[in-house]
Structure formats: C-alpha cells, structure tokens
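By letter and in written order, the chains are A, B, C and D; residue numbering begins at 1 in each of them.
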Amino acid sequence: MEMKEMTYKDAIKLAMSEEMRKDENIIFIGEDIGLYGGAFGVSVGMFEEFGEERVRDTPISEAVIAGAAAGAAATGLRPICEMMFGDFITIAMDNLVNQAAKMRYMFGGKAKVPMTMRLPFGSGTGAAAQHTQSLEAWLCHVPGLKVVSASTPAEAKGLLKAAIRDDNPVCFIEHKLLYKMKGEVPVDDEYIVPLGVSDVKREGTDVTIVSYGTMLYRVLEAAEAVAKEGISVEVIDPRTLYPMDTATIIESVKKTGRAIVVHEACKTGGLGGEIAAAISESEAFDFLDAPVLRLGGLDTPIPYNRNLEAAAIPTVDKIKDAIYKVMNR
Amino acid sequence: MTLAKETLVEMYLRMNHARLFEEKVAWFFSRGMVHGTTHLSVGEEASGVASCMALEEGDLVSLTHRGHSQAVGFGLDINRMMAELLGKETGYCKGKGGSMHIADIESGNLGANGIVGGGFCISAGAALTQQYKKTGKVVLCFAGDGATNEGSFHEALNLASIWKLPVIFFIENNLYAMSTPIEKHMNIQDIADRAKSYGIPGIVVDGNDPLEIYETVAKAAQEVRKGKGPVLIESKTYRWLGHSKSDAQAYRTKEELAEWKLKDPIKRLRNFMIDNKMMTAEEMDKLEEQAKQNIEAAVKFASDSPEPPIESVLEDVYA
Amino acid sequence: MEMKEMTYKDAIKLAMSEEMRKDENIIFIGEDIGLYGGAFGVSVGMFEEFGEERVRDTPISEAVIAGAAAGAAATGLRPICEMMFGDFITIAMDNLVNQAAKMRYMFGGKAKVPMTMRLPFGSGTGAAAQHTQSLEAWLCHVPGLKVVSASTPAEAKGLLKAAIRDDNPVCFIEHKLLYKMKGEVPVDDEYIVPLGVSDVKREGTDVTIVSYGTMLYRVLEAAEAVAKEGISVEVIDPRTLYPMDTATIIESVKKTGRAIVVHEACKTGGLGGEIAAAISESEAFDFLDAPVLRLGGLDTPIPYNRNLEAAAIPTVDKIKDAIYKVMNR
Amino acid sequence: MTLAKETLVEMYLRMNHARLFEEKVAWFFSRGMVHGTTHLSVGEEASGVASCMALEEGDLVSLTHRGHSQAVGFGLDINRMMAELLGKETGYCKGKGGSMHIADIESGNLGANGIVGGGFCISAGAALTQQYKKTGKVVLCFAGDGATNEGSFHEALNLASIWKLPVIFFIENNLYAMSTPIEKHMNIQDIADRAKSYGIPGIVVDGNDPLEIYETVAKAAQEVRKGKGPVLIESKTYRWLGHSKSDAQAYRTKEELAEWKLKDPIKRLRNFMIDNKMMTAEEMDKLEEQAKQNIEAAVKFASDSPEPPIESVLEDVYA
C-alpha cells in the first residue's frame, strides 16, 4: 500500500475531500469551516477546492446545523457537519437524538439519514470546562447513532470515509491533541477502515487494556514501560464505540484474564462501565483473574489551570498503577 | 386566482376526510382502542389541507404533532394513516410511529413530529437538498404558534434566509399553545412580524378560508421556487377540540369556541361552491357521503390489518 | 409517623407545595403547569394557591426554562422546573450541562445553583420514540448535577423535598407510570429522604438486584415469584442515581454473591454498566459467584405499537430468567 | 445628559485598563506563558466599559467570551483578573476558569461565558430574581452579533418580554462572528430590528462612542427598572485584533481595519475631555501612565500569587 506521511487533521481533510470528489451529494457544513478553515484548521483549502455551495459556513446555530443535516440527509444529500467544539453538541442534541437518530425507526424503516457529525472532544488545551469535554458516552446510549473514534492519521482517513459512506448518522470523534500528530496514511482513495471492528493496537498476554483517543498513547507508553518489567500488555482500540465490536475485546480477555478500560471522559457514567460490564457478563468472566478496572477522568469539570487540568485525567503513571494492581492479584 | 372545480372538489373531499378521520380517532381513543395520545385539528382543516394542495407534485412537507389534516391534505392514504393509528403493520410506519410520526419520505412527507418545533431545522435541510439539486421543489413546513417560541424556529429561519432556501414556514396560529393563550406566550400581535428578524416576507392569512390559504401558499411557492428565499405565513385559525386526549379546556370560554365554530372552514367551502354554482347542495352531500364511506373503509382496512410481528421491534434501527 | 394515602403525583405536588409555603424564594416554572396543572396534572391547584408570580407558565422554550432557572438560582431564588416530558431535555442540555452544572466549578466555588429539574421519563404510555425515553445515564455523567429517582409516593415527597433544599442543580426523575400509584405518605412537613442513600427495598440472601423506577416493581414481583422456589432476592433502590451510594449495594453483594441491575433505559450505555462495573471493581468482586448481569431496554427507540412497546423493556419473566441465570452457576 | 468629570475620568481609566490588560494578555500568550485561548476586545472598549458604567450599584452583568473590557468596565479587580488569566489561586475563579469564565457572582458579575449566547437565558433568570425580589436592579447581558443567531437569543428575549423582566440585551456587533461577516450570517441591517419579534424596544448606538453608549444604557436602565420589560441595544463596533489566539484574518481587509482604527474609542474620549476642557492633555497622559502602572502591578500580583494546590481539582463541584 502506498503511504504518505501526514497529520491527523490532514488525514481528516483528505478523507472528506476524496469523498467529496467522488460523490457530489456530499456537502460540508459548519461554523467558519470555509475561508477560515475551521477553528482547528482541519478544512483549510476545502472551500477553495469545492466552493461555497459545498463548503458552507453556517451562522452560530448548532441546532440547525444538526437539524438541517438531518433534513438534507433524509432527502438525498450526505452532509458532513463540523461542531466547532464537541461540547456544543449540547445545543444540537434534540436534532441529533430526537430527530436524526430516530427518524428511521419511527418511520418504520423508511428513512435513511446518512450524515456525519464531526466532534472535536478532549482536554489538554487549556480551554476550560466548556471546551474540553469528552461526551461520547451520551452518544453511545442513543440507538440509531453510530459513534466512531479515530486514534491515528491512517484511521482518521479510513474511518471517516467509512462514516461518510455509512447510511446512518455517525458521530465522528476527533481528539484535539491528535490533530498535529503525524503518521503514514494510505494514499489509495478507496482505503477504508470498516466501522464496527476493534483493533488490537499492541499484542500481549498478561492484561488487556481497552482505550481510544489520546489515552491510547498513554496506555501504549505504560505498556512499553511495564514490558521492561516483564508484564505483557495487549491494547485494544474499539474504534467504533457504538455499536461496539466487543467480541475482539472478550477474546483478548479470555487470553489475558485481566482487563482495564482507560478513557479521558469522567469515570462515572463513562464508557468504561459499559465495556467493563460487557466483559464481565461475557464468557470471559470465567477467565478473569482480577476484576475489570476502569480508569477515567475525575468526576469534575475540566479546570483551566494547566496542572489541575493535567491532574483531571489519567496519566501514564496512573495507568501503570492500574496494571500493577490487576497483576498483583 | 380562480381554482378549477376539480381542485375544489378534491379539497373539499380531503377536508372532510380530515375531519371524519379525526372524529374516528377520537372515538377510538374514548374506547381505549388505541393508546398513546393524539392531537386533533378539527376546525383547522383549511390550514392543513388547502396549503398542501397549493403545492406541486414533488414538493415536500414537514408536519406537526397536530398533523392529520396536513397529512390528508398532502394526499396521504387514509387507509395507511388509520392503520398507523391502530399500530398495524400496514401503517405508514409499520406501527412504530403512531399519530405523532406519520411520515412518508418517499412521497415527500418528512413526517409529523412529536417535538414541537422539530420540523423547522429538518425543513431547512430538506430545502437545501432541493436548492442544491436544483429540483425546483419547495418545502412546506408546518408549525404551531407555540412552536415559534422554540430556539429552533429562530435558527432555522435565519439559516433559510441567508441561504435563500426554498421553504415556506406555515404557522398554524390557533391562538393557544396547549393551555397557554398567545398573549401569554408572545408579546406581539402577528407572528408574521417575526419574519422581520430574518429579512423575509411575513404574511397573515385567514386560516379558515381555504381559498385565501391556497392562493397565498401558491403565490409564495412561486416566489420561493424562483430562489428568492423563504416566506413566513401565519394562518390564524382555531382548534375546536381539546389540546390532546385529556383536556378540560379551563383556559378558554365556551363563547370563544362557539364563535369560532361559526367560522367552520368546511361549511365555508361548501357554501362557496354552492353559491358559485360549481356544485349543487345534493352534489356536496354526495361528496360528504363518499368521504364517510372512505373513512369507514379505512377503518376496516386498518382493523383487518395484521399486528406487526414482535421481532420487528429490533428492526429499522440502522440502515 | 402520621401517614396519609395519596398518589405519587400528589406526593410530588405536596413536596413542592410544602416547600413553597416555607420558603418564598422557591418558584415553579414550566410549560402549562399553571391553570392546566401540567401535562400529567401534577401541579393541579398550585397556581390557585401560589399565584402567577410563583407558578409560572413559560412559552414552549425548554432552553430558557433551564437557563433562566440557572440564572435565577445563581442569584438567590430556588427554582423548580418541570420539563413536560423528560425527552425535551435534549433542548435544554446546554443550559443544564454547560451552564448550571459547571457554574460553581468554573467560578472557583463561588456560585450556588439550587435548582430542581423535574423530568418525567419512561415508556408504557404509547407515546412513541420522542416521548418515552429514559435518559438518566446522560445526566449521571455530568459532574455538578445530582440525579434522583423516586419509586414510591413517600419517597417522591421525601426525595423531592431534599432535592429542592439541596444547593445544587438536581435532576428529579419521575416515571410517568407511577403517577397514579397510591401509597402511604408521611404528613410531617419536615419529612425528608436524604439524597445519596440507597434503600434496601426487600431483604434477601441469594442475589442482589439493583433497580429503580417502574422496573423496581417488576423486580419485586419477580423476587416474590422466585421466593416460592426458594430463591431469596435482595432488592436495592439507589434512589440517588448520581452521585450514587454504591456502598450499600456492595455490602449487599458481599452477602449474596450475585448481582443483577435492571433498568428501563437502553441497555448499552445505561446505568447498568456503571453499577455493574462499580460492583466488580469493589471488594465485592471476591464474593461474586457469577458475573453481574445487566437487564435493560432494547437498544432501539421505543415503538408505538402496544406489543412492541412492551417488548422493548424488561419484563417480570425476563427478570426471573436473569435470576435463574445467575443462580445456576 | 452631561456626565460628571469623575465619571469620565473613571471611564477613561477603565478603558485604558482594558486595553493594556489585553495587550499584556496577548504578550503572555505569544510567549506561551498562559495556555488555552483568549478573545481580545481591543477597539471595543467603549462598548464594554461605558455600558457597564451606566449601571447602578447592585445591577448585574453577564459577559461574553470576549469579556475583559466588560469585566473591567463593571469594576472588577484587574489584579484578580490577571491572576485568573495566569491560572493562579488568587484569581477570580481560583484558576479554574481562565479568560472565558471570569466571574464574581457576589458583585453581580454572572460570568464570562465560553458558550456563545450562553448568557441570554441566564440573564433572563437573574432578571427574574430582581423582579421577584423587587430589588429594583437590572441585568446587563452582553452578547456578540453572531450570538444573536443562537436559539437561546430567541427563547430568552421572548421570555424576558412576556414576563417584563428587567434586562438589557446589549449586542456588541463587531461585524464579524469569528471569520463570518455579518452579511453572511444574517439577512438584516440592524440587529436591533430583532426586537420587533418580541415587542420590545430596539436601539442602535455607535459602539465606539462612550458617551452615547453611557447615555443609552442609562436611559434604557431607567425604563427597564420601572418594569417596562427588556430592551435590546445594538452597539456597532469593531475588533482590532484577530478573533482569538491564532487568526490570519483573511476574511477582512487591512483598509477596513485601518478605517476603524481611526475611530479609536479611547482617543475619542481623550479628545472629548480635552476639547471640553475637563482635563488637560498632561492630565490625560498622567491617567494613562497610572493605568500602565496599575497593569504592571496586576502582573506582579498575578505572578507572585501561588498556583492552586493540586487537590483543589476535586473541590467546588458541589455546594
């Protein structure tokens, strides 16, 4: 496969651009995504390539971004939306949850709502409580939605293309701290990472850690560190958070007998509980040598101060401690 | 604008269908034969029917929770509507939607909506499709007076205006949002004035006058089709029945209701057609009789239809 | 304690009324709550008693209901809000989550936001997908909010009074099917059920079932049924769903060695995962003879048809099956 | 309305504080000494400062993401503001809020807001408290032009209108919402016209004229205090710097910027005071010098202040 090095955000742009070149029913809407290129510069240049008919700046009106996308999708377009910050989905929830996600079911299967909602989530930017949340757990509780999280530039391309091609409303989670991350990305414009397939990011035999987003990298770092001490960690990235391929996770846990889930979102009510429970109620239960541990963000809003902000989410050290904890039993 | 006789005949039939359909639905509810709730539009049939009839083939509509007249007006099949009310497999939504979600995307009905104001944004989006694909079609978006106080009204009308989307926002102002009289939920006389916030035309029509409604919507659609951007129409009307299944209606007087009943839009169309010698009274009676039979047939169709299989509860979540 | 029989909804009205008599900083706002008495008739008569200054009909504007409550609460009032249906909270999420819940933290502890948001949740009414959701899991993922669920008329009174007296934004979940349920309610106007205390609704030794809302009654029914077969079920109602008193649950599981969580909300992403994970990661893990089971609603919107609607959520039979399942190990 | 000299002196001092504060903040950012982002209001100081100064003791304000001038105008302590920017324990929010959340409920500052339009509903609620408790106080709610396209604008203004709440919605129309020029985000000339949707007064002011702003807000506050309901004021102004930390400003021309710089509200007030012989040029220079020293003192205060203890991350979630 021919590869090219690029940033995560350029991979996102590439995915959108390639799909838009192939299918003129795809339009892209959001706040300041045109000339400005989006708050994080993801779409710089797309306005120039596709023009204002297809790359559409909206007013600051998150409800109608989601709702218009739903209406456009139900009638034949395939809109991609950008929420400037994922936190603003609070304003779009009705259109996303009560309209887009339910239309098909309520209408007896006779609607198709192919829209993609890009959501920059996560902290580490010093932007404080209203610009740093990780709200994926909400979305994973809404039948009709799919929820996807990309951790590498290549996956950003492949998963986003799959999301755009999917005939359902897909929430595509981007972690802001990954935007500048570089990686090899397949140039093939048919390169797709299918939805609904978890990925083993690192093989191991002693403990399974499930993680995604920026936390994945802390997990991998912790895994390297404990490897030197003889602990072999398997790391799984679900990639599609909802509906999730738990089979891959369960297989892994049957092998390792130990599991940890790590995410940045507040621990309570986060996906960690869902994943831990899914593992425990599966046939992996009989293989468990220790309870499934969850490591999540503190149950607080994200504070502004740099040190406090860093203290609010899992660190490599905390992940290592969790590994020791499950190993010591 | 003089309307062809056939158009008026069809309009009259649909208005009668709408009323009889709802009377039947009310009866079902009172008997506990259907569950959930329903919002009846008796008295508002001109708004729902005449407006839709002014559309062209291929135009789209978005309906409200009080959507039966609108659906019938748009030409939906009363058999499948009735089946949906009874939760049957042959219903428009295979029994999954019920009264508040009757939809038929294929024919351009984007659905009734259980969320007050839920149709505004969806309609803007559907209109974007029409503009983008240059279909020449328009979207007629229904909403109530109360719905215009939702934030979604504001966001959708603003977007539609700046993008010049082909959508007509048609407000059925029946003077109440549930129990709240309009004077208590907004501080202006005419909802049409809200158009000024978006730099678009705002028009008031007599919501019980089917001809005025037809004409106004038809004209608006013409302009909207040309790419001039959205129009806001306020149709002043009145609902004769309670807000929903159970409503003691303490918030209004019998006199007010009686007064509005004198403005019955169905009688009005009947008289117009007779007065203008388009039809005789006997011919009109026959139309009414036909409407009754059609509704009875719909009830039979619905009653005879099968329940959806239990397994279907898991279907239709994803495409 | 002097008791009076009344319905769940009258108990809610009583709680609001008693508190409003005691504290004139309490106002009550919502759609059609005045003369009409609310969509479910909860507040019938309050308008007459307290007048239009204190019982305030709002326009159909859920965002400003939540936001105005937050602003009023931060400046000295103690608003109670009624969302006509809990589903409409989708429109109020920004004001609830990004404003009300975070104000105190963002402002360094210098705000106090004593507001109560009443949310009628749940299915069984034939009102279809947009009027029947159980969205408590979302709210239990928002630090700064408290989430309370009352299962009996007495608790409806006691917990709601505690919620109103609490100095934080409290989401008070009411299940529509309970409104007409009758029960003995203490007449004492200082009767309070404190927040943050789980309640053992039935004692037992073989399996612990955690449940709340209408599901609680199905669980109790299932417990009675299996009791005849010699299975002793302990039933725990957390009552405060966030932050939850898990200690009581964990103690119970240490005794019984088996646990099931039952809720009406969609299984995936529901509170079941949170509770199951909390049990598993506690010291109760070593006492578990079977994995913690979750029983939740199907991962679908709620359908209209009566039979389909009933099939979408846990039944007594399904609960019994779950009990057999955990017992058979 | 002739303003007392002391008022103008204080106004001038605050406008200078605001500008110097932000210049310092920009410098911190460029050095990476603070993280996150910030939105500077350089050029808009009249809007933020003069409007707040027209308030009475006990009145309240709700600020925007671009809130430094507003906060300084309201009389917040620049030491604690600067400390907050640096994330220090002595900051208004103990370092938990940063630039976008500077708040001081005790003194009536309901907080800057990271959510565009986030203040509308909160202000309505705070105004309800004033009305209910008969405090005679008003709430001044700031928002940008772009913010008026949020649904919350519509819901809040409508509620405030029907309940006659004592709140002034003060729109700082700086012609852009981030990169989007106002012509592209709304289809009307004057945002003040949106008042018509709610049956309330809508007034346009020159947002770079501190005296006109002061006068307009003071008058509006008088009416609002009498219980006449809310007022919408549109203050037309311009931001000199980029939207936030990183902004190439491709969406506007240098000429446009240069033209607006000629309308510097600070110079304008300076000239007014000198021309009217209230102060000499030397006296004005001295005021400016004093402002500079105050800002340097604020920087020192902030720099010398301790970081919040790590454990505090867990505090302040619940009361």
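Everything that follows uses one rule, which is that contacts are C-beta pairs under 8 Å (C-beta built on N, C-alpha and C of every residue); 3 or more make two chains touch, one makes a residue touch a chain.
Note that the coordinates shown come from a computational prediction; the quantities given were computed from them, not determined experimentally.
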Intersection of contact sets, chain A vs chain D, gives B, C
From chain D, which chain is the farthest off, judged by mean CA positions?
B
Pair joined by the larger number of C-beta contacts - B-C, C-D:
C-D
Roughly how far is chain B from chain C, going centre to centre by Cα mean, in whole Å?
36
Using CA atom averages as chain centres, what separation in Å is found between chain B and chain D?
45
How many angstrom lie between the CA centroids of chain C and chain D, rounded to a whole number?
40
Note: chain C sits from chain A at a C-alpha centroid distance in Å of 30
Where in chain B do residues touch two or more other chains at once?
93, 95-97, 101, 113-115, 118, 149-152, 155, 158, 162, 184-186, 317
Shared-contact residues (touching 2 or more other chains) in chain A
59, 61, 63, 87-88, 91, 94, 98, 105-106, 128-130, 143-144, 298-301, 303
Going by the contact rule at the top, pick out the chain D residues touching chain B in the complex.
149-155, 158, 161-162, 184-188, 193-194, 196-200, 229
Residue set of chain A touching chain C in the complex reads 87-88, 90-91, 93-94, 96-98, 101-102, 105-106, 128-130, 135, 137-138, 140-144, 242-243, 265-266, 268-278, 280-282, 285, 290-294, 298-301, 303
Chain B contact footprint on chain C (complex, rising order):
31-32, 34-36, 39, 57, 59-63, 87-88, 91, 125-131, 298-301, 303-308, 311-312
Residues of chain D touching chain C in the complex
60, 62, 91-97, 101, 103-106, 110-111, 113-115, 118, 120-130, 132-133, 151-152, 155-156, 158-159, 162-163, 315-319
For the complex, which residues does chain A have touching chain B?
27, 53, 56, 58-59, 61, 63-64, 66-77, 79, 94-95, 98-99, 103-114, 143-144, 146, 167-168
